[in-house]
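One chain, subunit A, links the two complexes that follow: it is found with subunit B in the first and with subunit C in the second.
And then the complex of A and B:
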């Protein structure tokens, strides 16, 4: 079983090199091969979800413990890792399949698929690695290929967005590297489980608190939490649409939110101060993101601002759980709250991925992103319009779609934990989200056909099969995922991931084995 | 102690370059300075005064010589330098493309995206 772990990095990396080399001779190689390997990895992560009960640990190179010092690089798959792997590879597969039609108008298609594979390999690597410096290396792999993918259109806007993204992303990487250095200075190890053991036995020094602040700033920048959000709307709206859906749906979670969860739950001991900071950052992102979003007229920019807001929900849910755990409160409340946050993380990947694919379909047919110039598309593009409607209802929390249940769980947990203000804010943000998606639906799909679209003489029809397939698949997932509230389904997928975070102290013992 | 402070000072010099300069190339140089300061910091962590290279061979293996410098930060810095190379190369490539499109390196004139 252990040997399945490196496949998540090795297969997409091999795919990247093959599509770069063979793509020279066979023009269509990259587009098919990328979808095939990502479908394989999705299947593999589903298989692991149903079979793995104990965490899998792979010691790279086979080096065993020397005394009590781990000298090998550890790769760990536990409940949270599998959960993230499923999200990454599923959304990655659907985006790659969508790209088959969408990317035909671009030149250098094979370079696109090469970068796509490297980005997926980097994200999978972050999720499976049990060593903090390895997380940095894989994170840079994913980040650098995403910088290049944002600039893929090489027009004015794309280049400017990519430069901004690179400068802020580079700064955040340096903060993270500095934090890793500080951590190594105070604990003399890089293994997450070993760092956690040393922090538990020696207590916290000021150096570790400083490292926590630096790491929170660095990964907060990667996750686009609110004081650090400036790059996200530009980068996510300028990229090609399947890439926007990958960036918004997966990248900010895999290299931002996931690492924050892993480090601050499993590595550092949970303290009240840090949990308070994380909750405040989550609340600020949730409220400010939606207020910035509602005034936007560019459809992809509006979606990008909503990503900030919805990630705020995830961090808020997890932060409330952390606060309850730090105060030694009721563990069932903490479990509920963290489950809500992680559930919303999956849901956001699905519906925001779908919304970006819809925006891409609209742009593919009309070439317009400004909602003032669009309208009346629901007759000509029934699949796009109906899938977009289901995603919009899901993101604004209308039952029976998945977004409703995860938001409900977060709100109930906030009330049970006694944070009434936060629960009222969450409801308030949900209402504004509904308002802004009513705007999207009305101006893009249901309004009368605008004069600008008619006079330009573009004949609008439904998008090709591969794009339709991805959108319909995700729209069905929007409803199917609400089955996660049924206990027997939840215990397979969500509960192992929540257990890793709630029983944060057990991580180091299970990974190190003593 | 003073050497760590100088290292942090170098980091701040780079940060000043990124935040205050308006030329794309100067911003890239600022980022590079920040990166060097972090690399220097990592090297300083592993440094032991009077320490030898961490290879146990030859005459070193006979003596009970334990005063080695820490090799792990050096390996980390090598990796970080390679990653920094990729970042800087991509940044410069994008900066050159921007110059071709806009005809300027001044960020005050490159502002199509806002709001």
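And then the complex of A and C:
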């Protein structure tokens, strides 16, 4: 079983450079090959979800423990890793498949697919790495290729957005590297499990608390939590649409939220102070993000601001769980809350990915992103309109869709934990979300009278097959994922991931083996 | 870009072969002495860049050169990856990055298993990548700014 772990990095990297080489001779190679390898990885992560019960540990290079010192680089797959791998590769596959038609109008398609594969490899690497410095390396791989992908259109706006993203991304990398350096200084190891063991046995020093603050700032920048969010609306709205859906749907989760969860649950001991900070950041993101979003008229910018808000829900859910665990409260409440957060993470990947693909389809046919100039597209683009409707209902929490259930779980957990204000805020944000998506629906797909498209002479029809396929697939997932509240389904997919976080102290022992 | 004077051209002609050989020396002694793939790769790229700077780029088909160097770059990384994955197959234990070749005597040129192979792949990759960046800047200056 250990054999499968490196494949998540090796296959997309091999695919990236194969399509760079063969793409010089066969123009269509990268286009198809990327989808094929991402479909393969999706299948592999599904297979692992159903078979892996105990965490898999691979020591790179075969170096065994030297006494009690882990000298090898560890690659670890546990419940949370598999859960993230499934999200990354599934959304990656659908975005790549969507790109087949969408990217035809761009030059240098091969470079696009090469960068796409490197970005996926980087995110997979972050998720399976059990070593904090390797997390940094893989994170830079994903981040740097995403800088290039944001600037892919090479227009003025894209370059500006990419530059802003690079400056802030560079800042965050600096913070993270400094934090890792401080940790290495005080614990003299980089292995997450070993760091955690040493912190537990030595107790906390000021240095560790400082490293925690720095790491929270660094990964908070990558996850675009609210005081650090300035780069996100520009970067996510000017990238090509499949990339926007990868960035918003997966990247901020894999290299931001996931690492925050992994480090602050499994590496550092959970303390009340840090959990309070994380909960406050989550609440701030949730409320401020949606208030910034509702006034936007650029459709992709509106979606980008909603990413901040929805990630706030995820962090809020997990933060409440952390608070309960830190106060030694009821573990079942903590479990419920963290499950809600992680469930919302998957749901957000699906519906935000879909909404960006919809925005891309509208832009592909009309070339317009301003909602004031759009209107009446529902008759001409039925697939786009109906899938977008289901995603909008899902993000605003209308009952049969997945977003409703995850928000409900978070709200119930907040009430059970006694944080009534937070639960009221969560409901309030959900209502404003509904309002802003009603705005999207009305001005983009309905509202035929004010449509200026007819007079400007743009002929609109439904988008090509590959784009439709990805959108329909995600729209179906929006409903199918609500099945995750059924206990037997939840136990396979969600519960292992939640267990890793709730039984945070067990990680070190299971990975190191002593 | 125009070339420089006869003096510069002659000195470069004499020097760049030596620099190139020194880069190769650094790469293949990577497991024995300081330096290795990255340092040697930079030196090799430096010898090419020196030639282009002194003789000028007017005689070069820049696009074609850039395609070539980026092809070499990609295949070098692919070689690296293939050696890493071969460790999973040949080692028999399914370990990524397994050192599957015999270690040899410490201090000899041919020793340390697969590490010299990794060094050579990295050297090729770094040399080709730096040359590609340099050529891309030249192409930008020659074609886009005009």
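Rule of thumb we're sticking to: the second predicted complex is superposed on the first by the 511 of 514 C-alpha atoms of A that agree within 3 Å, B and C clash if a C-alpha of one lies under 4 Å from a C-alpha of the other, contacts with A are read in each partner's own complex, and residues count from 1 in each chain.
One rule holds in what follows: contacts are C-beta pairs under 8 Å (C-beta built on N, C-alpha and C of every residue); 3 or more make two chains touch, one makes a residue touch a chain.
Predicted model, so just to flag it, every value in this text is computed and none were measured.
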| item | value |
| --- | --- |
| Side-by-side fit of subunit B and subunit C on subunit A, or clash | fit |
| First (subunit B), second (subunit C), both or neither touched by A:203 | neither |
| First, second, both or neither for A:140, with subunit B first and subunit C second | first |
| Touched partner set for A:178, first subunit B, second subunit C, both or neither | first |
| Touched partner set for A:161, first subunit B, second subunit C, both or neither | first |
| Angle at subunit A between subunit B and subunit C, C-alpha centres, nearest 10 degrees | 40 |
| Contacts of A:67 with subunit B and subunit C, given as first, second, both or neither | neither |
| Subunit B versus subunit C as contact partner of A:367, first or second or both or neither | neither |
| Partner contacting more residues of subunit A (subunit B vs subunit C) | B |
| Subunit C versus subunit B - closest C-alpha approach in the superposed model, Å | 8 |
| Intersection of subunit A interface sets (partners subunit B, subunit C) | none |
| Of all residues in subunit C, those that touch subunit A in their complex | 67, 70-71, 74-75, 77-78, 81, 84-85, 88, 91, 93-99 |
| Partner subunit B, residues of subunit A touching it in the complex | 133, 137, 140, 144, 147-148, 151, 154-157, 159-164, 166-167, 170-171, 173-174, 177-178, 180-181, 184-185, 190, 234, 238, 295-296, 301 |
| Complex interface listing, subunit A residues touching subunit C | 2-3, 5-6, 10, 13-14, 17-18, 20-21, 24, 58-62, 75 |
| Touching residues on subunit B, where the partner in the complex is subunit A | 11, 15, 18, 24, 27, 31, 34-35, 38, 41-42, 45, 72-73, 76, 79-80, 83, 86-87, 90-91, 94-95, 97-98, 101-102, 110-113, 115 |
